[in-house]
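Across the two complexes that follow, subunit A remains constant while its partner is subunit B and subsequently subunit C.
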Partner chain A sequence: MGKKITIEPVTRVEGHGKVTIHLDNQGNVTRTRLHIVEFRGFERFVQGRPYWEAPVLVQRLCGICPVSHHLAAAKALDVIVGAGTGDGLTPTGEKMRRLMHYGQMFQSHALHFFHLASPDLLFGIDSDPLMRNIIGVALKHKDLAVQGVMMRKYGQEIIKATAGKKIHGTGAIPGGINKNLTIEERDAFLHGADPLNIDKMIEWSQAAVDFFKDYHQQNQSMIDNFAAFPSSHLSLVRKDGALDLYHGVLRAVDAEGKKILDDVDYQEYTKYINEEVRSWSYMKFPYLYHLGKENGWYRVGPLARLNTADFIPTPLAQREFELFKAYTNGKPNNMSMHMHWARLIEILHAAEMMKELLNDPDLQGDDLVTKGTKQNEGVGVIEAPRGTLFHHYRINDKDQIEMANLIVSTTNNNEPMNRAVNKVAVDYMTGQKEITEGMMNAVEVAIRAYDPCLSCATHALGQMPLEITLYDANNNLIDRKRT
Partner chain B sequence: MSTLIKFTIDGVECMAEAGTYIVEAARENGIYIPTLCNIRGVKPRGSCRICSVKVNGRPMTSCTTPVADGMEIENNTPEINDIRKAIIEALFVEGNHFCPACEKSGCCELQALAYRFKMMVPRFPYNFPRKEVDASSPKLIKDHNRCILCKRCIRAIKTEDGKNVFAFVKRGRNVRIIMDPVLGEQMSDELAQKAVEICPVGALLPREKGYQTPIGKRKYDLEPIGSDIEKK
Partner chain C sequence: MSKPIVATTSLAGCFGCHMSLLDIDERILDLIELVEFNKSPIDDIKTFTKQCDIGLIEGGCCNSENIHVLKDFRKHCKILVSLGECAIMGGLPALRNGIAIKECLDEAYLNGPTVRDNDKQIVPNDDELPMLLDKVYPCHEIVKIDYYLPGCPPRADLIWNALVALVTGDEMKLPYEVIKFD
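Our next item is the complex of A and B:
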C-alpha cells in the first residue's frame, strides 16, 4: 500500500512550510512537494498608499532581511522620482545604501550559517535533535557560536548606522538616503575594540570559509552529492561581469555555463520572466519566458551568483572564488550544499566591501538626494542574501501606488527547492517502511541550504513548525511526525 | 497690572497670573499636563479631554479652565493617568494607526503620548474602520485612517482674510475633515506646511516627502513628550 509523508513544519528556516512525499506500494517516491502555507497580501494592501511609503511599509515583509526589501523598493522609487537606476544617485546616497546592504548581507549570511545551518554540519544530519541546534553549538563549539553572534551584531550595527534602526529602518528614501555616516560612527566600525572592528570581521569571515573547506575535504561525498541536480542560475552582475550585490544587469547561465540571459536591463524584467501559479502552494513559480515553464526555472542566491559572475572585485573573496570555480573546472556548480561555501565567500566579500566603503570619504558627504523628471512606473532589483529580489511599482497621477509586484528571492528558488526535496526523498526514503527523524531532517537540510524565507516569499504570520505525514496510496494517514 | 495667584498641583505650590488656563500655568511652573487638541495661541476647545485634571475634586479640562486663587489641582495621579491612557487607547482603536510605516512616527504626538503613558495593548476592541486616503489636493494628502478629529487644522489654518481652509462634514462616526476645494488649491506652500506641522498625527502629509529626518533625530526619539516642560 502506498504512503504519503508530510513534514510540517519545516524548521530552522524563516516562515511556514510543509513537505509532502508520496510513496507507491513498493516504497518508491512518486511525488514530492514543498508547500508554502502562509499568505500575506502586501502587493494588495500597498495599493492606494503614497508611493514614498513603500520602502518603509513593504520591508515589514521580513524581520531577517528587511534591508533588501527597503532598498529594492527605494531603487524602484528612484526611477519614479527621476533619479534613474543605480548610478543616478549622489555618491553619498549610493554608497550609504551599499554599506547598508553589505551590512545586511553580512549579518543575514552569518545568521544562516552559524545559527541555522551549522548544527547539521557540526553534529550530523541524523544526530540527536536535542543537540542539533544553536544551543548545542554554543555548548560544544563556543568559539564558533560567539563568532556567529558577534558577526551578526557587527552587521546589525552597520544597518543601524545607515538605516537608523537595526530592523525596519528608514534610511533609504526615493532618490537617495536621509543621513550620512559620522566620523565617530566610521571610526567605531574601523577601529572598535575587539572583536567589533572590520579587520576582525574579515579575519573571522576568512576562518569561516576555511572551516567549510576543511569540512568539505572530510565529507566530500555528502557535500558534493546531497541534493545535487543540474539547473540554470540567475542573478544581477555588474556590467563588466563582476559580482555586485547592489546593482547591475540580469544574467542567467544554464547548467553547462552557457549564457541564456545576459546584459538585461531589469526595468524590462517582465519581458523575460513570468510567474506560474500552482494550486497547492501560495508561492509562485517564476521561469524564463523564452525557455517555457518546464525548462525556464532557475536557481538564485549565493550559488547562482558565483555561477553567473566572472570575478569578485575584492582580493580575499576573489582568491576563494578562484578555488570555488576550480573545483568544477570553471563550469557552473550545481551542488546544493555548495550553497554554504558560496555563502561564506560572500560573507568575506561583504566584509571586504564594508572596509572599502568605510574608508571612502564620500560617506561623510552632505549631498544625499537626487530627483529628476517624474515617471509613473519603476522597477528595483537587488541581490538579497537569498537571491534576486524584484520590486515593481506603478503610481497614479495623485502619487498613490496603483500596482505592486514583488518577486522575492525565495520565490525564484521555489522549483529548485522542490527538486532538492525530491532528490533527497528519493535518495533517503525509497523502500523505507518507517520514517526516521534523520530522514526528515535530511529533507529539511536540503531546503535549509537555500536559506529560504517563506514569509517573504508569500509576501506570513506565526510560527515555523516542519511536519511529515505518511499517507498510503488511498490517502489514509499512516504516520505523522513533527519536528 | 497682572495679579499673581497661588494654587497647588499635586500638592506643589505654584504661582501664575490670574486668568491663565491651568495647562499653561502648569507649564510655567515646570509641570507637564498632556494635550492633544490644544494649540498654544489658539482659543482652546477642550475636545480631546486628555488634559483632564481634578480641580478641588472635580474633573475639568485644564486647557479651558483658568487658575483661581487657592485651587487644589490633581494632575499626575494613577486615576487621572489611567483616564488619559484610556483616551489614548480609544483614539488608537477608532482609527487605523500603523506606526511602523507612518511618516509621522517619531514626531507624532499620539504615538509619543502612548509611549509616555506606557500603552501596550488597548483595552478596547479595534474598530478597523474603513477609511480612505484622499490625495485629490495638489498641496496635501489627507489620510483619514490616522485623523483623530482634534480640529487643530480647522482652528489654526486660515487664509490671510481669516477664512477656514478645513472643516468637518457629516456626523457621529462618519465625521471627517474636508478641505475647501478652492481655498485648498490656492493655499500657499507655507500654509500647507503649517497644516502638516499643526497636525498632531500623520493625517496631513506633504506631497513627495517622508522619512527625511533619520531615526534618532526625530522629535520624540530621545526623550518622552513633555520632557522639555519638566526640565524648566
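Our next item is the complex of A and C:
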C-alpha cells in the first residue's frame, strides 16, 4: 500500500515550510516536495508608497538578514536617484554600506554555524533531539557557545554603528548613507577589550574554519556524500573575478565549471532570469532563461560563490580558498555539506574585510550622498548571506512605487533544496519499514545546509521540530510521529 | 522550586523579534539558568509537553495556521505577551489589508517581470497550503493578550527587562531609553 509522509519542519506550528514524501507499495520514494506555505504580498502592497520608504519597508521581509534587503533596495534606488550602479557613491557612502554588509554577513554566518549547524556536527545527525540544539551546545561546549554569541554580538554592533539599529536599521538612503563612523566607534571595534575586537574575531573565525576541516577529516564520507548532487552555480563577482559580496556582475558556471552566464550587468537581469510558478508552493522556481525550466536552475549562497569566484581578495581567506579549491581539483564543488565549509571561509573573509574597512579613513568622511538625474526604474542586487538577492523597482512621476519585483536568496535555492530533499529521502527511506527520527532529521540537515530563510530563525535558533504523518494510498492516516 | 516555563512562536512575522531576543547576547546564558524553555524555535519541542507560564508571540495572523497556533498558545500559557508591532497591530504585513488578496497573488505570480512564461496562469493553490485570511489580524483580536511589548523589533533590553519582571514578580524597569520605539 502506498504511503504519503508529511514532514512539517516548522510549518504547522511556526508557519513556514513543510515536506511531503510519497512512497509506493514497494516503499520506493515516488515524489517529494518542499512546500513554502507563507505568502505576504510585498510586491503589491508597496505599490503607491514613496520610493524612499523601500529600504525600511522591504527589509521587514526578514529579521535575520534585514541588512541585505535594506541594501539591495538602497542600491536599486541609487539607480533611480541617478547615483549610478554600485560605483557611483562617495567613498564614505559605499564603504559605510560595505562595513554594514560585512558585519551582517559575519553575524548571520556565525548564527548559522554556531547556533544551528554545530549541534548536528557536535552531537551527530541521529543524536538525542533534546540535546541537539544551542542549549545543548551551551551545556556541553560552553566555550563554543560563548564564541558564537560574542561573534554574533560583534557583527550586530557593527550593524548598529552603521545602520542605527541592530535590526531594521535606517542607515542606507537612496544615493548613499545617513551617517559616518566616529573615531570612538572605530576604536572600540579595532581595540575593544577582549573578546570584542577585530583581531579576536579574526582569530575565532580562523579557529572555526580549522574546526570544520578537522571535522571533515574525521567524517569525510558523510560530509562528501550527504545530499551531494551536480548543479549550476550563480553569484555576483567583482569585475576582475574576485569574491565581492556587495557589488559586481552576474556570473554562473555549470557543474563542470563552464561559464553559462558570463559576467553580465544585473540591471538587465530579466533578460537572463525567469521564474516558474508551481501550484503547490508559494515560492517560485527561478531558472536561467536561455537554458529553460528543466536545465536552467542553479544554486546560490556560500558554496556557489566560491564556485564562481576566481579568488578572494583577503590573505587568510584566500589561503583557505586555495585549500577548498584543491579538494575538487579546481572544479566546482557540488557537495551540499561543503556549504558549511564555504560559509566559514566567508566568515573569515568578512572579518578581514571589516578590519580593512575600519582602518580606512574614508569612513570618517562627510560627503555621504550622491545626487544625479532621476530615473524611473532601477535594479539592486547584492550577495546576501544565503545568496544572490534581487530588488527591482519602477516609480511614477509622483515618486510612488509602481512596480516591485523581488527574487530573494532562498527562492533561488528552491529547486536545489527540493533536489536535496529528494536525494536524502531516496537514500534514507527507500524500502524502510519504519521511519525513524534520525531519518527525519537527515531531511532537515539537507535543507539546513542551505540555511534557508523560509523558516530562517527557526533554523537559526535550533532544530526544526518535525511531524511525520503516514497515510495509505487512500489518504487514510495510519501513523503519526512527533519529535 | 521549579523554573518558570517559557514558550515562543513566530506567526506572520519576520523573526526579527526572536533575533532581538537573541540580542540580549551573553545574557542568553543567564536566561537558560533562569527559565526552562518548552515549545519554541530554540529547541526541539514541537508540541506543548506541559502547561507554560509565559508565551511570547511574534507576528500577527495572516493564515489559518497562525490562528490555530495562537489558540494553542492561549490554551497552554498562563501569560501571553504580544512581542512587537506585527503581533500588536498586524505590522507591515497588514499593509495588505486595504487590498484584495487576489490582487496580491496576481502581482506576484502573473504580472511580475520575471514570470513571463507562466502561460497556464498558475497561482499557488494546494491542499498543503493553509488558507490565507482576508486580512492580517493582530493577536488580541483572536485571543486575550496579557502584555504588549512595542517596537519593530522591541529592543533586547526591553524584552530582557520584561522577562525578568515576569519571572521574578518585581515591577518592570522602564527607563526612557527602552520605551523609544519605531
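In this text, the second predicted complex is superposed on the first by the 463 of 483 C-alpha atoms of A that agree within 3 Å, B and C clash if a C-alpha of one lies under 4 Å from a C-alpha of the other, contacts with A are read in each partner's own complex, and residues count from 1 in each chain.
One rule holds in what follows: a contact is a pair of C-beta atoms (placed from the backbone, for glycine too) under 8 Å apart; a residue touches a chain by one contact, two chains touch by 3 or more.
Everything numeric in this text was worked out from a predicted model, so none of it was measured.
Touch criterion met: A:52 reaches subunit B, while subunit C stays clear of it. Legend: residue contacts after superposition of the two complexes on their common chain; A:178 is shown touching subunit B, with no touch to subunit C. Using the contact criterion defined above for the overlaid structures, shared-chain residue A:279 touches subunit C, although it does not reach subunit B.
By the touch criterion defined above, A:60 reaches both subunit B and subunit C.
Comparing subunit C and subunit B on the residues of subunit A they touch gives the larger count to C. Legend: residue contacts after superposition of the two complexes on their common chain; A:133 is shown touching subunit C, with no touch to subunit B. After overlaying the two complexes on the shared chain, residue contacts for A:312 are found with neither subunit B nor subunit C. Once the two complexes are overlaid on the shared chain, A:398 sits against subunit B while remaining clear of subunit C.
By the touch criterion defined above, A:168 lies against subunit B and subunit C together after alignment on the C-alpha atoms of chain A.
Contacts of A:443 after superposition: neither subunit B nor subunit C is touched.
Once both structures are placed on chain A, subunit A residues 57, 60, 168 are touched by subunit B and, in the other complex, by subunit C.
Those residues of subunit B that touch subunit A in the shared complex are 100-101, 103, 132-133, 135-136, 141, 205, 207-216.
Within the complex, the subunit A residues that touch subunit B are 48-50, 52-53, 56-57, 60, 81, 163-165, 168-171, 173-174, 178-179, 398-400.
By the touch criterion stated above, subunit C contacts subunit A in their complex at residues 9-20, 22-23, 25-26, 28-29, 32, 37, 39-47, 62-63, 65-66, 68-69, 91-93, 95-96, 99, 101, 103-109, 112-118, 122-126, 128-130, 132, 152-153, 156, 182. Per the touch definition, subunit A reaches subunit C in the complex via residues 6, 10-15, 18, 20, 33, 35, 37-41, 43-47, 57, 60-64, 66, 111, 129-130, 132-135, 138, 142, 145-146, 149-150, 152-153, 156, 166-168, 269-270, 273-282, 284, 286, 293, 392, 403, 405, 407, 456-458, 460-463, 465-467, 482-483.
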